[in-house]
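Pasting the structures here.
In what comes next, chain A is part of two complexes: it sits with chain B in the first one and with chain C in the second one.
On to the complex of A and B.
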């Protein structure tokens, strides 16, 4: 069985985000990078399935971007994936979901994977489209917001997270494309023997120029923080006085408060 | 009259044959007992504790003969020391008799147990035996009547107390019956030099000389066989500590306090990291369990034990011993328990007080290494999150690394990337850089450097966590990754001198980083400030304040820095009221061993216990020297509701408030 996991390297959400010089994305200087949280669930699920099937499946980890994404590929290898594929593309952050999905589908189409796992969305762009688009391009069914997974004799029972806490149950067989939601599993912490073993695992580099390119369907034209509308007020002083002032403000500014 | 005695009086010289046969037999049994135990020690990994052998022998003799470690606990310690000296003198006395009676006299007609020397000999031994009986009674009363809480007493203790008493008492009875026949009434001048024997002997004067001779012979053989039994029993009972503790002194760790071997990550032959089974520990770790007499002192000092957590350093040692010598195939983790393993704050109070020189801390660290590195297990999710934050942001808070130098904005201090031509690199550490309360300490330190004219820079956003908390939690890999990055940076700037305001960074950069290639001198700011004051670069305007002082574990017990901070506080105008547990006996704040990153869910809070101790002194101010302690005490004061009665400040803040500016002459 061949399993593919697609992971994205995203900036840590606690970083300071400033628009870049061109004003179409954030400036990458001084950011802390990490593996996209939703993709971690994908990696973990692939590895759990591999363990269930007596280590027979081969798990390939793929990431697109400049050299720095090798770190997330290595992290996934350290968790237990077998080989890595790095699609070298320094301009990935300028590409739209259609183009990203196209790159994945081109690579995956040639390899013939039985299962593909990826995160439901990325923490930086959050479009939630790449997985679904790539599945369609590959012509295979896509199951999104995966929060439960079991594999039994070739049949997968998937649980999807729907509104209001309900779960949708889907039963199907490979090939399938999954996008993973938090709550699916608890990603393992790489053990040291696995970290050391991963240093020997193969990482294949593909130049993005060597893959057929597609034009974007959407283009980012602006990137800016929301305009400041007004700042908060901090009330200080005696407790009774504070209560009075608060009442004044609520009466004056809030239509919802009946006093 | 001749001041001497006829050795082998009444029993006859022919006893030499049976006593040597039995003696050799007893020693053979003892040797065999130890041989069986040596086979078990060798299950552990190799470790070189045989280097610098003359220094080791000196330490062993000093520690053994002065009983200095035993005397750390004055009450019971004095009892044991006196017993040791008493029994030791009696043993030497017996040896001298053997040397004269069995070798020097028959072969060379040499007798030294005569005259003045013999009188001194006799008196000393009587006193030794008397003192031994008195203190043994004291020890018996402590164990069986007073029964200190937590002291384990079993059948072996009954046996040993009985055996020791009977050896001592039969010894005096033998002397008494002999003196009743040969000295009392016959050689009173000599008899008075054996006062206890004299007293004993008077009890037997009523017996006829034939009866007396028979009683003496019976008692003589009884005393002999009791002594042989004692020798044979040594390796099979707690008595083995007679040999294992001096041996432990011999095998002591001569390296710097707190050092643990760095795992060689390049060594591809290593398949097990940390300790999962006894065989993963070193032979010395297994030997330590044989040096333990379950005296309980480590447990009494342990902050985890004293706040109802399941960790007892004594039990950990006992359990490792059980696993090594027993048949149980259970791994160490199952036997010791994860809760106990994770509860340790590595405060080192156990190791510091241990009279047997047992090394508790590193065994726990090796077990943690196994849990983290082999199983990916953690005490809780907070630690896991902190590890991930350390990997991504180089600090446990998960805050952007880019903001690490922000605290210094507006201060007269630069970053190494801009100005590396400085006297001192101030390694601020994660807490001083990011934690709101601890930033005050960093700012105070800069003000002090400015006033003293010390040119200092920080690494700012290039600085990464020193790696100590993950290392102490067992994550050796994460530690080496962050450490090697710091080291490359520091070396790249050609740094000559490093000062930190955190004892954990201080220990790590100053000691642990040596194993990874950093050789720059590192100082803690308390001694650094002391140096500035004594060198006249800094002067203080003392403003009187009453305070109590907390010796942090990593400054006090680990680095022996106890007097210097007190002297600085005195120069600042401080009037100190010591807590009951201070100096080497200081009680941990609870944050060490990486536990600052973890949640404290078991038992009661260690920081609350320490804040109570500070409050008890009546001082309005608690002074600390560590960002972890400062954080724990601020929290402890708040949760205890003591904000009106007790404040906590760092030593740097106190000094910075009292700087006398040069311009004021």
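On to the complex of A and C.
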């Protein structure tokens, strides 16, 4: 069995985002980067399946972007993935979901994976399109918003999260493309022996120019903070002063404090 | 979009566990905002038609299943062929974000996800965990849109739709087994007058005792955001937000909560919202009546000390 996990590197979401020179995405200066949270659940699910099947499946980790994304590939290798693929594309953040999905589908189509796992969306773009589009391009079934996964005798029972916490249960067989929701599992931390082992694992680099290119179907024309509705007040200053003012407000708003 | 004639939209209604979902009326509200001619598509039932007098392409949920993306896609494509809409509009929901890209891929047209507003050219969408916005413009004549839940005012015009039945002979790549109900809510936060909620900004599991202590002192309940629940700091039954409980207490204290849209959806109707956060730009500031810029752990400790004195002196 061959398993592919697609991961994206995203900035720390607590960062202060400033528009780039073109004003269509954020300026990358001074940002801290990490693995897209949803993709971390995807890595963990692939590894759990590998363990369940006596280590038989080979788990490939794919990330697209400039050289900095090697960091997330290395992290996934240290978690236990077998080999890495880096599609080198310094311009990935300027591509629309259709183009990103096209790159993934081209690579995955050539390799012929039985299962693909990725996050249901990225924390920065948040379009929730790439996984489903890639599955459609590959012509394989796709299950989104995965919160439960079991594999038994070649049959997968998958649970999708619906609104209000209800779950939809579906059953199907490989090949399948899964997009993972947070809370699917508890992603493991790389252990020291695994970190050392991962240093010997192969990371293959593919130049994005060597893959067929497609034109974007949509364009971003602006990037800006939301308009402040701001009817609220902002309190700032020294801690004790803040606590006193907040106590005054609580006295007005909360019966338990009006004693 | 084509120029000349009025814009046409095809709205994709939602039907679950035998009921038409209210989000369907938000689609009608959105179409009205666009000033577009609208038709609707629904895999549903003759007995639960929307209160609306337009043209409805209806497929039988009994036959095609409430969830079956391959068949629903084929049925939507059949409606699109007849209707030739400028925009195909879904809710950005577990049904919509699952199905919309399949339709967009089949038609090789743009999708704009989770629209929050109309822009001069294109649509405004959230990004970077709701902290920022983008304007996205489709580069194709037709486009698929998903609209953010709870953002566009619902419109229920009344009337009875003219139904056009749809059929497909398509095949499905999966078997829909059924629904599992949400975990039992041991805690009904819906009745709490005061809720003190913890977000990831609280820092670590040990600090949750401060949240619990403050909730107790204020006679309220403890709530949590999804990341805090996913991390196992607070039990799932106390999660507030789109996939947890929807609450509207008189007083809501958001501690170390940045304000992801899924969380705001579950608490923005609270009577009075106090947010404690060190980040002035956090989206929670959009709904907060009072935003306190402070280290959440230190401030909680200071508040608890003062509340103890109040209790001791009374």
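Here is the rule we use: the second predicted complex is superposed on the first by the 227 of 259 C-alpha atoms of A that agree within 3 Å, B and C clash if a C-alpha of one lies under 4 Å from a C-alpha of the other, contacts with A are read in each partner's own complex, and residues count from 1 in each chain.
By definition in this document, a contact is a pair of C-beta atoms (placed from the backbone, for glycine too) under 8 Å apart; a residue touches a chain by one contact, two chains touch by 3 or more.
Since we're looking at a predicted model, the values are computed, not measured.
Trainee: Could you look at A:157 and tell me whether it touches chain B, chain C, both or neither (first, second, both, neither)?
Mentor: A:157: touches chain C, not chain B.
Trainee: Could you tell me if A:84 is touching chain B, chain C, both of them or neither one (first, second, both, neither)?
Mentor: It touches nothing on chain B or chain C.
Trainee: Based on the superposed arrangement, let me know which partner A:224 touches: chain B (first), chain C (second), both, or neither?
Mentor: second
Trainee: Of the partners chain B and chain C, which touch A:57 in the superposed model: first, second, both, neither?
Mentor: neither
Trainee: Which partner does A:253 reach: the first (chain B), the second (chain C), both, or neither?
Mentor: Touch status of A:253: second partner only.
Trainee: Just chain B (first), just chain C (second), both, or neither: which does A:16 touch?
Mentor: A:16 contacts both chain B and chain C.
Trainee: Quick one: is A:34 in contact with chain B, with chain C, with both, or with neither? Answer first, second, both or neither.
Mentor: It touches chain B, and chain C stays clear.
Trainee: By residue count, which of the two partners contacts chain A more extensively, chain B or chain C?
Mentor: Result: the larger residue contact count on chain A belongs to C.
Trainee: State whether A:65 touches chain B only (first), chain C only (second), both chains, or neither.
Mentor: neither
Trainee: With the two complexes superposed on chain A, say which partner A:119 touches: chain B (first), chain C (second), both, or neither.
Mentor: A:119 contacts neither chain B nor chain C.
Trainee: Which parts of chain A are in contact with chain B and also with chain C?
Mentor: 14, 16
Trainee: Considering only the defined contacts, which chain A positions touch chain B in the complex?
Mentor: Listed in rising order, the residues of chain A that touch chain B are 12, 14-16, 30-34, 188-193, 195-196.
Trainee: Can you list the chain A residues touching chain C in their complex?
Mentor: 11, 13-14, 16-17, 24-26, 96-98, 101, 120-121, 123-129, 132-133, 136-137, 140-145, 157, 159-172, 182-183, 186, 215-226, 228-236, 239-240, 242-244, 246-247, 249-250, 253-257, 259
Trainee: Any idea which chain B residues touch chain A in the complex?
Mentor: 265, 268, 271, 273, 372-376, 378, 384, 387-388, 391-394, 398-403, 461, 476-477
Trainee: Spell out the part of chain C that touches chain A in their complex, as residue ranges.
Mentor: Going through chain C, the ones touching chain A are 16, 67, 69-70, 92-95, 97-98, 100-102, 104-106, 108-114, 119, 121-122, 125-140, 143, 173-183, 193-194, 217-220, 226-227, 229-230, 232, 242-244, 250-251, 258, 272-274, 279-281, 283, 285-295, 298-299, 302-303, 305-307, 310-311, 314.
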